[in-house]
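Notes to accompany the following structure.
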Amino acid sequence: MNKPVLEMKNISKRFGSVVALNEVDLEVYPGEIRGLIGENGSGKSTISSIAAGMQKANEGEMFFKGNRWEPASMIDALNKGIGMVVQESGTIGGISVAENMFLAELGSFKNKFGLVDKNKLERKADEALKSVGIAGISGRDAMGRLDFQDRKLVEIAKVIMKNPDILIIDETSTALSHDGRQIMYSLIRKMRNDGKSVIFISHDLDEIMEVCDTLTVLRDGNIIRTFEKEEFEADAIRSSMIGRELKGDYYRADTECTSLDEVVLSAQSLNYKDNLKDVSLELHRGEIVGVGGLASSGMHDLGEALFGALKLDSGHVICGSGKEILSPHNAMGQKIGYVSKDRDQKSLCLDASIKDNIAIAGMNIFKNKINLVTSSGEKRYVKKQVDELKIKCSDMDQAVGQLSGGNKQKVVFGKWIGCGSEILILDCPTRGVDIGVKQAMYQLMVKLKNEGKAILMISEELPELIGMSDRVLIMKDGEITREFKRSSTLSEGDIISYMI
Amino acid sequence: MNKKLTKVIGLIMAGAMTVMAGCGNSAPAAQGSADNAASAQGAETTTQPSGKTKKIGVLVADVSGEEALGFRNYYEKYIQENYDVTFDYTDALASAEDEKAAIEKFASKGYDAVISLSSSDRAQQIETCEQYGLYYAIASGVLDDEQYEKYKGYEHFVCQIGPSNATEFEAGKAMGEYFKNQGVKKVALYGAFIPNPMHVFRAAGILTGLGCTYGGANDMEAIVGQIFQDQGIDLSKVSGDVELVAYLQGYGDTTTDELGAAIQKAPEAFLSVGMATTFFAQTLSQENIPFADIDSFTAMNSQSMESGSLKYLAGKYSSSIGPVFALVSNAIDGNLIRNDEGNAVSLNQGYLVATDKATFDEYFVNDNGDSPIYSKETLDSIIGSQVTYQDVKSLVESK
Amino acid sequence: MSTPKRIVNALAMPVVTLVVLQTLCLLNGQSVISNMKSFDNFIVYTAIVMITTMALSINLNSGRFDFSLGSMAGLSCIIGAKITYGILSGGNGSAPLMLCISLVAGVILGLISGLTYCTLRLPPIIVSLGVTLVYEGIMYTITGGKYVMSEVQNPSMSGLTGTWVYAALIIAAVLAFMIITFDKTAFGYDYNALKSGQKVAVATGINEVKNTLICYGISGGLMGIVGTLNAARNTTINGGQLNFGSIAIMFTAFLPMFIAGYIGRFTNEKIGFLLAAVCMSLLNSTFAVFSNSVNATMQSIINAVLLVVFLIYLNNNDLIKRLLKA
Amino acid sequence: MTDKRKTNIKQKLISLLPIAALLVLFAVFLVVVSINGYRLDMYLKIVFNEALVLAVVATGAIFIYTLGTFDISLGASTLFAATMGVMTYNKTQSLILMIVAIFAVGITASLLNSVLASVFHIPPFVTTVAMMSVLSALSAQIITSYGGALGGISIPSEVVKPFDNIGFKAMLLIAFFAICFFVFQFTKAGRRMKFVGGNPICAELTGIKASKYTILAFVMAGIGIGLGAFLTLCYTPSVTTTTASSIGMNIFIAIVFGGMPISGGARSKIYAALIGGFSYILLNDILEIVIDSSAAYGITQVISAVFFLAVVYVTSMNYRTALLPR
């Protein structure tokens, strides 16, 4: 091949005492679609964000088109040829679409009085959106009014309109529907055809294998191996990601739909805004029910509704004892646990220690005879969870915010399992979790099922729904459109059409 | 880490700078007092009665009023220069707790006496001084009769010298009468810090002097009682030949608007029971409204008198607190003077009234600079181990 | 919402206030604003409230709580007064000179405050506590804890607030400045971006420190104007406000800030500040009318109750709307 | 792993810094007092008395701060409770009833804040601003109405004299602190409050009813207010309109000085107010003795503010972010 368009040499990055990147070299060539894959905390987002000017490396040097590459900021990098669509939301809700697209460079829209020319700004934004092929969004729109997917598309347009030589896409496809993905894929292909490069980061092995030409695996801040297209093979890639062979099963081993008869939780005609329309379901003891659909299908609201966290317009959530669930407080009383999709905001207190986070739900268990919370009881209780779930930490007083995504999720699990939850509502339990932890989670779910616990798993990833659930409920526009029973023949293709 | 270090050093530097800035700022003051000390030495080398410098703490609540500044100048500039004494002024004391803590600090610093210009809780002050064995004297305002009766026998309670409540009433009454005789028909009244008793008595006096009744009453006791009850003056309860068109009191966010409202009612005179020069002189002279005040003979008031806007001033002179010092000084030296009944001295001081520049200047100039009314020569006549109650009484009553 | 409807909605608040208060005053046989003098006062007070509220909102909108507003107003105008007096000795042109110097001093004090915040990276509320104490301390040291009087008592100063004209000009100038700066310039756009999406905005390349410093500078400058207006109005500046004596001024800005937020739904937020200030000023004029029967104690209780009542309305209004929508 | 452990040790050391600051200040205080030849025993008593009420009220307030909100009406509430206590005694001549009244009023005033906040969804901070105005206005009205010529209301000093000794007060302080410590550390409620402060959404999704704990926190603060008011009366048996006025804002300083983040949450510490309160008073007394000039109150305040910021800066060294904190 010809000369690389981007060369990164000996890049190191440390966050405090944590080494995120350890003397990494990466080269990207023109016309190449390069995949980056690795477990959480492997450094794939870090290295791409350094290239895109979002943060600076502690050591190492970069060359872009043969010149030294030292971007001052993301917008600087973008203007000079490297643009990135970031993993978390890269847009701001309170301002207009056009302002978002030209964020940090409104200085270039000054009129002769030195003021920002709003009309020109919006015109430019509209042009850019149109050229990328996004219809139905105007530069004048308030960003906050757009849904998650449209926001993501605006972000992509913002990068593309600068006509970058390298486009970096970090974990974006999970936010996009089928249509959105098609727009993105066509943009990626167009980039390749124009002789430009794409760095594509994803957790989704299937997707990344399909989209990319080459695939680089990172682990613990090091580059492990780069696969060429013809070498792509799922198991090999997986094991280089986690650094060992995956032992045992990944998903459930059995293909039978099994559960006990006892209904432990039932929803009766739930209605909530436009997001839930007459939703009814039953969850049995020893059953894993999967709920799938697009992000906007209302399934995430369903999770909160079952936990009593939404003020329903109508309908009832009744648990096995016959009691109605009206609040999270009620739900906990009925031994229901809820793991939110939005882990950092809703399931954890990041400033607090692992101990505090796990113990908070279990005080009724380890309190002493006179109802007091003692340090020794607490430590014993938390240690059990930390050990059983193999949470990696310096000690249980470490702040949860310092942990990796997978370990954070283990803490959330520990919190709910420790307090003896009989029913678990898991919303995207493996989101942002690396493969090793994912497998552990799946095995844990199997164990819990075998213990007779009931699990409702909401997920945007079809493979895990198919792989884990006794029944899969598919939601679309706030309604349950279809139910699938577990079977060895169930495939994504069978399901997708009911989602979109 | 290095960055953090730099920041810490920066902070320390900033701290050091402030200290230095502070020193820079206090340096001129220190120099000033050194000058004073030097000139004092030049002028006075003879009288150094006892070997030890007396240390007197002064409790103050008001650090900015004209009267308070005058008092302070007299003690810190004049008395401190001429006698072997240091005065330690507190910060503006906001509450009874602050007063007590201040007295305790004076005590632990080994001070000899406390002179009080602060009145959050006088009873508490007396008790605390008694507890710590500090001589105590009141230099502004007086205790009410009941309190005086209770504390007059306290061993360390030296004296209270100042206008009695009846004197305050008379001062107000004289002002009211003056304007009534001038033929004024519409007046505005500023009640200053009613329900401060001093101000209540003055306000009652003004009403009486104007020939007005308040809630039907025309004697001091009844009017004062009602004003305390009403927390101010209720215009609807005032009746008489002279019309009270506006009333305001206190000083805060709304005062300026209240003053504006009062001015709109076109009063022919603005009568104040205190502090008017500080707060309103500018606006009133702008609007050409003559005003009257009960305050003291200070430069600021002199200006107002000169510009013609201040028509009437009943004032204390700044050195009126001289006898208090004399008695405290005597007590420290072992001559604790008691009145005829053997109790703490309680003497009444009257007001001086100026209605023209000449009179004002007479009092003002007299009380300024090197020869205050209570000058060293005068005070020396009541300082010493042989001085008696009668000496003090006759001197104070003569001034 | 259509434009006429917006205008009606925006004006509803001040108009209703005027009608209610005028009725109250008429029952008492007077008018809220009965003559030129009270009109002058009304406009001056409107200017003070509007500018204070703006100064508070600039930082509070971005989640930065600033207790130091009052101390900035006090210190900047003391500096202004001292320097002006040193140059002109109270002569002609004292007021405009003092206004300018206080404005500059305010900007500098604001910048120092902002710089302290950006350097220490402590929560702004804590920094503002420290800054307040420092400024109060300096104020006390300069003045010896006394009222500053002779420096601000001259015909030029009393002329500044003696007529509505200058206050109206100041209102217009500040309003224009604020609208242009916050709605039309790149700084303003960046400010809005930082306000609602700090993390993204910073990652994209907006210079947060610079933007923040400008905010503090503007806020300080505005307080310099407020300080001068207050000095002219009260004919004194209180130099002895130790131990957080200066913070009260910010509490008076809360009610107008919430009112402005409400009006701002229908019109430009800055116009909202003006209209809210008009409401507050009307209330103040009413207090002046009733000054003989409503004392300062009652006034502060009334103000507090209005604040709570308005917030109850505001917050539960939202709730009601949300319920109706569903 | 060892690196992480190192960081943890460093963090623990830094979290001990406020205690170290207290000890250093205390040592300096001892030196300064003895150098000047002042009576140490008396000066210690003064410091204790000055810091006592602040520490007690602030310790109660820790619960409110832990929840991530703050209350600026505490000084006014203390004044109001003391006022009502004196009124009760003067009506009934009963010490018991007076104490009951003080605590009842303190708790009620505080509760009212939380109820307004949780029932009407008003930010607790704003209700406390309103509450501050109302309570201080009411107290002023009562005190001046009944205080008349004395300018304040009081109970006979003999009534509280038996309680005005260090031993008794220290016992009360220790007892109250022990109760707070117990609630904070050993009850479910205490743990839950910390969690609510750390992440209210997560707390709700863990079945914790925030409003219940808001009310509880304000009750604890109310007890602190009551005790503070009682101790104020023990020290000076009279109440004036400015009683307890200095503690309102000093509570902020004390809590932050004691090493607790103002945003509360997981890093809340029950001992912060005690340590911070005593440190701050010691600091001010040291400066007052060292800079022994009545013109220097301003400078003293400036230095103590700079010192305050420096200590807070060093204590929070570990929690820097790339973004400016809000």
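Brief remarks on what is shown
For reference, chains read A, B, C and D in written order, and residue numbers begin at 1 within each chain.
The definition used in the following text is that contacts are C-beta pairs under 8 Å (C-beta built on N, C-alpha and C of every residue); 3 or more make two chains touch, one makes a residue touch a chain.
Remember, it's a predicted structure, so these values are computed and weren't measured experimentally.
Distances between chain centres, each the mean of the C-alpha atoms, put B farthest from subunit A.
Judged by contacting C-beta pairs, the busier of the interfaces A-D and C-D is C-D. Each chain gets a centre from the mean of its Cα atoms; for subunit A and subunit C, those two points are 45 Å apart.
Taking each chain's centre as the mean of its C-alpha atoms, subunit C lies 30 Å from subunit D. Annotation: 35 Å between the Cα-based centres of subunit B and subunit D. In subunit C, the residues touching two or more other chains are 120, 134, 141, 144-145, 242.
Residues of subunit D in contact with at least two other chains: 141, 246, 295-297, 299, 302-303, 306, 309, 313. Per the contact rule defined earlier, chains pair up in contact as A-C, A-D, B-C, B-D, C-D.
Of all the residues in subunit B, the ones that touch subunit D in their complex are 4, 7-8, 11-12, 14-15, 18-19, 21-22, 25-26, 29-30, 88-91, 94-101, 104-105, 107-110, 119-124, 127, 132, 144, 147, 165, 195-197, 200, 228-229, 231.
The part of subunit B that touches subunit C in the complex is made up of residues 7, 10-11, 18, 22, 25, 63-64, 69, 91-92, 231-232, 234-235, 246-250, 252-258, 260-264, 278-283, 286, 300. Residues 62-64, 116-118, 120-127, 129-134, 136-142, 144-145, 198-199, 202, 208-209, 212, 242-244, 247, 251, 254, 297-298, 300-301, 303-305, 307-308, 311-312, 315-316, 319 of subunit C touch subunit D in their complex. Residues of subunit D touching subunit C in their complex: 116, 120-122, 126-127, 129-134, 136-138, 140-141, 246, 248-250, 252-253, 256, 261-263, 295-306, 308-309, 312-313, 316, 320-326.
Across the complex, subunit D meets subunit B through its residues 36-40, 42-43, 45-46, 49-50, 53, 141, 144-145, 147-152, 154, 157, 232, 235-240, 242-246, 291, 293-297, 299, 302-303, 306-307, 309-310, 313-314, 317.
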